[in-house]
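Heads up, there are several structures right after this.
Each of the next two complexes has chain A plus one other chain: chain B in the first, chain C in the second.
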Partner chain A sequence: MRPNFFHHLHPPTIPAQQSRWRYTLGAGGTAVFLLLVLVVTGALEMFYYTPTPDQAALSVQVISYHVPLGGLVRNLHFWAAQLLMVVTMVHLARVVLTGAYGPPRRFNYLLGLGLFVLAILLNFTGYILRWDQGIHWALVVGTNLLKTIPLIGDTLYEILIGGSQPGPATLIRFYAWHIFGLSLGAVILTGWHVFRVRRDGGIAVPPPLLRRDEARITRYELVRREVLAMILTSAALITLAGFAPAPIDAPIREIAATTSDASAPWFVLWVQQMLKWGDPFLWGVLVPLLVLLVLALIPYILPQPHEGELGRWFPRSNRLARWVLTGIGALVLALTVLALLSGD
Partner chain B sequence: MSEFERRDFLKFTTRALLAASGLFGLGALGRFLNFQTQSPPQTVFDLGLASEYAVGTRRVLPEIPALLIHNEDGFSALSLVCTHLGCTVEENTSGFVCPCHGSLYDDAGNSLRGPAGKPLRALTVETTADGQLRLLLN
Partner chain C sequence: MSDSRRATAAASALLLAALLLIWWGDSRRPQPDALTPRLTGQQEYCTTCHTDLPEISPSHPVEIVGCAVCHGGERLALDADLAHRTLRGGGNPSDLSVVEQSCGGSECHSGGSAEGRDHIQRVMTSVQATYAGAITHIRYTFGAQPDQIAHQGIFPVVDAEVSTTTGVPALEAFDPSQDSSPSIQTFSQNCLSCHLSAQPPAGDSFARLTGCAACHTPNVDRFPEGKIHQLTTAIPYTQCNTCHNRGNYDLRSMSFVERTDVPMDRLHDYYQPIAQFTQCEWTLDCVDCHTRIESMGDGDIHSNQSEIEYVQCQTCHGTLTALPRTRIIASEDDLALKLAFLNPVMDLSVGDTILVTAQDEPLWNTRVLPDGTYELVGKATGQVFAFRPVMGTQCTQKPDEQASHYCHECHAVQR
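And then the complex of A and B:
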């Protein structure tokens, strides 16, 4: 068989243990595929979306209800974005719970964390682009949080919002960040992240001297597995898009009608719950940044996973890192559940 | 001076210069993005004839958003912007509640419970010579 372009993106053969589903969960590769889906469906949406306060919500309605297959395109974009959040969380958890972040992969771990932050920012800016009543309070709260940062808060607010309150300049800025600034950053960082996987010697497995495993798979087999993952992901996306349409609401009118739903997007519900406790700078800015800092420091300050234990889940040597991640995950989950319960 | 020290010095200098130009570029980007194209938000609202608001009434003015109160002492107004993170509070049976993080205020705007802590802002209401009512945000 003559290798085609996609085969050539892979090494001729790789150790079989680097590509077992039960080890990698296929999460990183699925995230790359979802990014591709987001770029394509996002590009299609750009043909109809109008980034002005008067037209934005109406143009979203036009895409959703009038353009042939427009609803499908928008729902696919929405669900690919939500799945990307889930898949990147799974990917991060896999890397920590298998201890795969140790040297020489510490830098790539940081690149991955940067991509996770970009995914959150892209999801939030995309949500705001709806510019309908459903996003109104998330926009007000999210941007007012910036103002609570000492010294630089006001300047940061003006730079991101383009005025002293959300308006036309804000929408065009969020649009520019969403479709260009953040997206370009995500594509470049993804390329770098994937390149570093190969540069660092592939997916983390033990050195051959410590635990020998001769089995290798060819790139044909690897591409076959990747295509299988893409087909399964596509099936999930199409099912979700068909049965659960992306949220939409009435346009924001001049007169601020009382909005029925004041809950934040699902991935920041835990922050919304903490904000009910008081000081917005502490709970809304410092604590989330602290969580990010702890995640970033895992490969640098916690005990290193032992080389001989790589390639398996839950190595004994990185027990502390696993507990830290589990603790953070449990807290975020508990706060999210609390927010969901109090919302009803 | 040995060869390695000179190399270290050059390496350090290169990195310092790169960092400095990076910071310089970031500052320039901040200046570029900081320009304000939006007109500043409205701060004076004309509410029409004062005689249209009867004594003993409270009226929500959603476009400000504010609550106009007219009692025996005259006109007064409360901002309906939550002092926590800026959502618009909603009236309930005993006062006001914020839909975002649950801050509670009594009907005079004093903070009762929740993260807000500060009372709703009192706004200035003035009556012009020809009987027109005007509300000032500052």
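And then the complex of A and C:
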């Protein structure tokens, strides 16, 4: 069998031990597939979406209810975005908990973290594009956090929001960021990230002398497994899209109008919960940035995992990194649950 | 077949099943039904689900007015929850809190006062909406204000153009917490159920909607959950009685004492025992005599409903020395023809002579007959009544005693 284009994107063989589902969880590959789904469904939505304040939410209604298969495409886009958040988190956790971030993969770890941030920003901007009453928190409270940053806050806000308060300029800016700036960045970084995986020696494994299992699988088998992941992901996406429609609400008629239901998108609920504790700059900006900084520093300041322990879960040598990540994860989860409980 | 191939085949079957499930779910959705009303030119899909709703009135044809211009809502949504999320006034867009957006607009019922089309401004300032009559009276009686001029109403309202001597420029919102008198407190708790924004007390005999629909959507009690889609100017007296003639206010306990009987016979049961009535006052419907200005207001804020009640016996019957005022319908634009169109109980046309009130309001359901007598057609009943002028009769009334209560002295019916 002659390898085709897709086979050629993969190394001829990779270690069997480290290509198992139970090791990779298929998270990185699924994230790439979800990104592709997002690009395609997003491009389809652009044929109907109108980025003006008076038309945006109505055009979302047109997509959802009247464009043939429009509702399905929008729901797929929504669910792919939510799954991408989950899958990237799982991917990050896998990399940290298997100690796969050590040199020479430190830089690629940062690229991945950058992609994670881009995914959050893409999700946030996409959420704003609905321009309906359900996005009130994100549009008003979320963006106001920028203003709390000393010295540069107001300028940053002006640049991103396009005025002293959300308005028509905000929507077009978020639109441009969502479909152009952030998406382009995400696609380029993804390419770079995947390239660096191979440049850094493929998936993290112990050096040849320390390997317990020499078995390898071919690129054909690898591609088949990837296809399997894609099919399963597609089935999940389609089922979710069919039976759990993406949120939609009545158009925003007045931005200043407060709604009783001012809830943040789920992936920033933990920040919303912290904001109840007071100082918005500390809890809304500094703490999330600190969390990001800690994550970014894991490969640089924590003890490096031993070579011999690579390629398996929970190596003893990176116990500290494991606790740091588990701690952050547990805190974020607890805050999210608290926010969900207090929201009802 | 390798493990991964078998797994791929199984996953593909799963994907196919998911697609079929989607297709099945989609095929169960109703086919969208688009309507583009001429008034807005914007597509709406309400009739996808609301297929068998009767037209609300002949003057609001759905192909011209549509649904969303009155009801609000999300006209494009095919999901009932979202479609109804922004409905104005819940199911009743004529509630006074939203009436300006629903029924108003210069093209509709907020037209200029010159054309007599500023219904919303008139209703919002009317005593039935402000309840200023009762509030003023109670506040005056219990010392909260020194005069009997209205200062407070159910909601704050301003009248930019005061055109009558009794008109008041503005009302503040009635706020009983500012008054120390316990009677006023009790009044605010017990006695604010008969204005146009109030939910009626429980019971079929009180059943009515709020806002315009309080009067123009009669007989809600006959429909399950009050679900009725009708507006009419043929308003039977029973609709007026959802507020009026329902009992008595007891000023000592400051409460409303609901009548306990079930009135059946209008002449004997309905009205206060002390009141006197002539035959037409209990055979006609209230709206046969009480005009638009009297029932919906004259555009001024008044302190008492009596300030705008002006139709008298002589409006239709004249006096010994004068016939009632009349007008020949000169053109198709005559208001009388428009009103007759809304409630076609009578075949009125250009050239007909009708009676008019002292303020030139057309009594469009009357006609002067060739022999000098008159006929009136009941707006709610379609019943035809013939009547004569006083002039040329044996009436012994003094020329300076022309108010209706003088007529009652001889013409009141035995009860």
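Things to note:
Following the convention adopted for this analysis, the second predicted complex is superposed on the first by the 337 of 344 C-alpha atoms of A that agree within 3 Å, B and C clash if a C-alpha of one lies under 4 Å from a C-alpha of the other, contacts with A are read in each partner's own complex, and residues count from 1 in each chain.
Methods note: a contact is a pair of C-beta atoms (placed from the backbone, for glycine too) under 8 Å apart; a residue touches a chain by one contact, two chains touch by 3 or more.
As the structure is a prediction and not an experimental result, all values here were calculated from the model.
In the overlay built on the shared chain, the residue A:Val140 is in contact with chain B alone; chain C does not reach it.
Contact with neither chain B nor chain C is seen for A:Glu309 once the two complexes are overlaid on the shared chain.
Look at A:Glu45: by the touch rule set out above, it reaches neither chain B nor chain C.
Judged by the touch definition given at the top, the superposed model places A:Gln272 against chain B, while chain C stays out of reach. In the superposition on chain A, contact of A:Gly167 is made with chain B only, not with chain C.
Touch criterion not met for A:Glu226: it reaches neither chain B nor chain C.
On the chain A side of its complex with chain C, the touching residues are 58, 61-62, 64-66, 72, 221, 224-225, 227-228, 231-232, 234-235, 238-239, 241-243, 245, 248-251. Chain B makes touch with chain A in their complex at residues 30, 33-34, 36-38, 40-41, 62-63, 65, 84-88, 90, 99-102, 114-115, 117.
Those residues of chain A lying in contact with chain B across their complex are 137, 140-141, 144-145, 155, 158-159, 162-165, 167-169, 254-259, 262, 272, 275-280, 284, 342. Taken together, the chain C residues at the contact with chain A in this complex read 2, 4-5, 7-8, 11-12, 14-15, 17-19, 21-22, 25-26, 32, 45, 74, 76-79, 82, 85-86.
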